[in-house]
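What follows is a single structure, written as structure tokens, with notes after it.
The letters A, B and C name the chains in turn, as written, and every chain counts its residues from 1.
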Amino acid sequence: MELLLFDAFNGLIVGFFYALMALGLSLILGLNSVINFAHGGFMALGGYLAFTLVPIIGFWGALILAPFAAAALGILAERGLIRPLYGRDPLYSLLLTFGLALILEDITRTVWGAQGLPFAIPNFLNHPLNNVYFFVTGYRVFVVIVTAIATAGLFAVLRFTRLGICIRAGNADLETVASLGVNIYFLRGANFALGILLAGLAGILAAGQLGLTPTMGSSLIMPSFVAIIVGGAGSLIGSLLGGLIIGVAAGITTAYFPSASEVVIYLIMAFVLMVRPRGLLGQEGLFE
Amino acid sequence: MSLLELHGVSRSFGALRALSDIDLTVEPGELRAVIGPNGAGKTTLFNLISGFFPPSAGRILFEGREITGEQPARLVARGIIRTFQITEIFPDLTVYENLRLAVEAAMGLTFRPFLGAAGRRAVARRAEELLEAVHLADKADRVASELAHGDQRIVEMGITLSREPRLLLLDEPTAGMGEEETEHMVGIIRRLNRERGITMLFIEHDMDIIFGVADRITVLENGTLLAEGNAAEIAANEAVQAAYLGSRR
Amino acid sequence: MSVETETRERTRAGSSLPAWSGERLRFAIFAAVLLLAPVWLPLIGSYTDLGTRVLVYALAAMGLNLLLGFTGGLSFGHAAYFGLGAYGTGLMLRYVGPNMWLAVAAGVLLGGFAATLVGPVVMRRRGIYFAMITIAIGQMFYFIAVRWNNFTGGEDGLTGFQREPLALPGGSVTLTGPHFYYFVLFFFAVGVFLLWRVLNSPLGHAMVGARENSRRLEFLGIRVERLTWISFAISGFVTALAGSMNALLNNFTSPLDLYWQLSGYFVIICVLGGMRNFWGPFVGAAIYVIMQDYASTMTKNWLSVIGVMFMLVVLFFPRGLLGVLARRRSG
């Protein structure tokens, strides 16, 4: 029973990484109409940038600064590469971000090395909070708290700021938003940056738990796709929920049948697609 | 026996009554125009006849048989074919390929694994025949999207004919066309009606076309049947004049 | 031998081509070049296996292109069926017996039926959602190969099998060098002929119709979902055949042959050569394989090389090589 709890909790934490990734992907999918294959690459970049920044500005500084640094690079990519492709066949933006993902992975490998790197977290976060539930370490609770804050922050931005309101309106009807005088190029750029910001944050959180490897991006992005499909395209809450569901499901499976822990999330996806093709909270006929 | 009969047909969307208590009879071989101001219920009428949604009340008969509430696919099989306000063709295929695809679908060949030489010849013959019917033989090898709008619309007519329609519903067939294109289209409509005896219902705004082509005219206003008759009768009808002058202003 | 949707100078069914039109002459030259590859490849300082690899990748991409270029389904998960084809062949040779025909059949059936089973899950969707689902489902097969350690060799890949002599009516042939090239060329021709037959049938015409205007096709009474499914399945069978060849070429297969990055490579191969063109993926595969062969000796940063290629193709070359040529020829 304790083992099951341990695995389920572990899965939940991983689910939080998926959820953060899926939220960002979902944002970008919504307003930019792009599946950002490079999302994993930006996530790894966030983690690696934090790794480099920690000795200079400390863990807390890096936790704040690295995601913004990743987001800044995201803006550059959006401006220079993705922007020319809006309105063209979606195949091309897919291929472009795909190529970008490969390049980002290669850059992290070249700069920081192919070997995995440990990512140091503040000491007090390493200790279990409870002797019985030894797996509830400070860091895991920290991951939950940071994700909750980031998610709440995102929803606050979307609800209360002018930028957020424009993003939501743009998701519903971009042409109308444009006709109201909003600069949709700026809007899409900002939205992309917001998505990458979340990816960068996920990268740091994941680094503290799993360490850093150049391939962390390409291995964490697929479950995030699954999270979106399960949760339903077009729904941010759905993406969040999808991430947590598949994380926990993978965790529970680990307890009983470890070698199926990855496969199970794809089975869940296939099941959802057969039973409810639009996903748990998705809208019908989106992105087709 | 009449080809199409509507008895007391109504359709509501929530509180909105789009059509109420329509009685309509179309004889075989007739070329019937449906006119009326915007929002009169013309397209709703087409949607009901072609089965896109069922009537809220009333009955629809086709060739004496009740078809109320039947699915569009069933009605297509019965020979009730329609076009839409937007042109639906295969843009990057040639005119011939557009028609060939339609013919193959109509002949039920699409999911057959093998098609012998005889089958190919039958398809080619039928496609050539349709090309002639809509006067597009000289443009057969042109890519459809490169044609003028009017010609694209005619390609669509050809596709529609592949199903051997017994009743053709044309939703604004000349919308957005220039004078010459319109004339060409009207010529084709008239010929298909005369030579092939295809019964047609068409929605139209252009009075010259309506009075020049239609055997009979049905006038709708606010979801009700305002008038019905031949060109002279409709032109003389005071209610129609009032409705039209009212909406034209 | 060309598909009618290929160029804008098209001919109609009834009027048959003159015996040696440009189209046929071009195909004859192309066939001769392929048939003589083991002769001329060494002369230009290359080697036969490189030609074999071009055939393998070309077949995989041409299989994918039935779906991608001709049906309009953005599949980003075709490495799965390629890899399953490879595993089917490798597992057959390793665990069952040294029969090459059975081994190829096992690969084709494994990959092809997997695609057929996946079809209903993906066929209701189009556009980028289709891309996302196909790539995610492909990953499932990747993880099965990684985790089913004692059967598949796990992360290290499947070893312990090799090309066996090929049983033919006149005796058996050892498949080394040029012999193996012709073995692959034979299956390449089979796969390509199948694709060509499909594309020139009413079924293929309807697939192109689905790409062009799926709603119009529905009005013609054709179920686009069913069409997508069939296209997905056929495409999967052909790509699996390529995967089977790949396992035999390397006497090895690994989960990387199922990985989503390879799926992306197949897509870019199609786009690079011209995905609206029947032979486009072949041209793309030739460029890709030669470039990879060259780059692997020059740089460790192969990922960046191919990543940059993705971007250059998308930004400057979206119609692909043959697409540009076809357009130029038609003026």
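One rule holds for everything that comes next: a residue touches a chain if its C-beta (ideal position, glycine included) is under 8 Å from a C-beta of that chain, and two chains touch if they have at least 3 such contacts.
Everything quoted here is computed from the prediction, not taken from an experiment.
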{"item": "Chain nearest the overall Cα centroid", "value": "C"}
{"item": "Best-connected chain pair, where connection means C-beta pairs in contact", "value": "A-C"}
{"item": "Most distant chain from chain C by Cα centroid", "value": "B"}
{"item": "Geometric centre distance via CA averages, chain C-chain B, whole Å", "value": "44"}
{"item": "Distance between the centres, which are taken as Cα means, of chain C and chain A, whole angstrom", "value": "32"}
{"item": "Whole-Å gap between the CA centroids of chain A and chain B", "value": "51"}
{"item": "Contacts with 2+ other chains: residues of chain A", "value": "none"}
{"item": "Touching residues on chain B, where the partner in the complex is chain C", "value": "73, 76-77, 88-94, 96-97, 100-102, 104-106, 109-115, 120-121, 123-125, 127-128, 140-141, 143, 159, 162-163"}
{"item": "Interface residues, chain C side, partner chain B - complex", "value": "4-5, 8, 10-14, 201-203, 205-206, 208-209, 212-213, 215-217, 219-222, 226-227, 230"}
{"item": "In the complex with chain C, residue positions of chain A that touch it", "value": "29, 33-35, 37, 81, 84-85, 88-92, 94-96, 98-103, 105-107, 109-110, 218, 222, 225-226, 228-229, 233, 259-260, 262-263, 266-267, 269-270, 273-274, 277, 286-288"}
{"item": "Contact set on chain C toward chain A in their complex", "value": "74, 76, 120-122, 124-129, 131-133, 135-137, 139-140, 143-144, 146-149, 260-261, 264, 267-268, 271, 301-304, 306-311, 313-315, 318"}
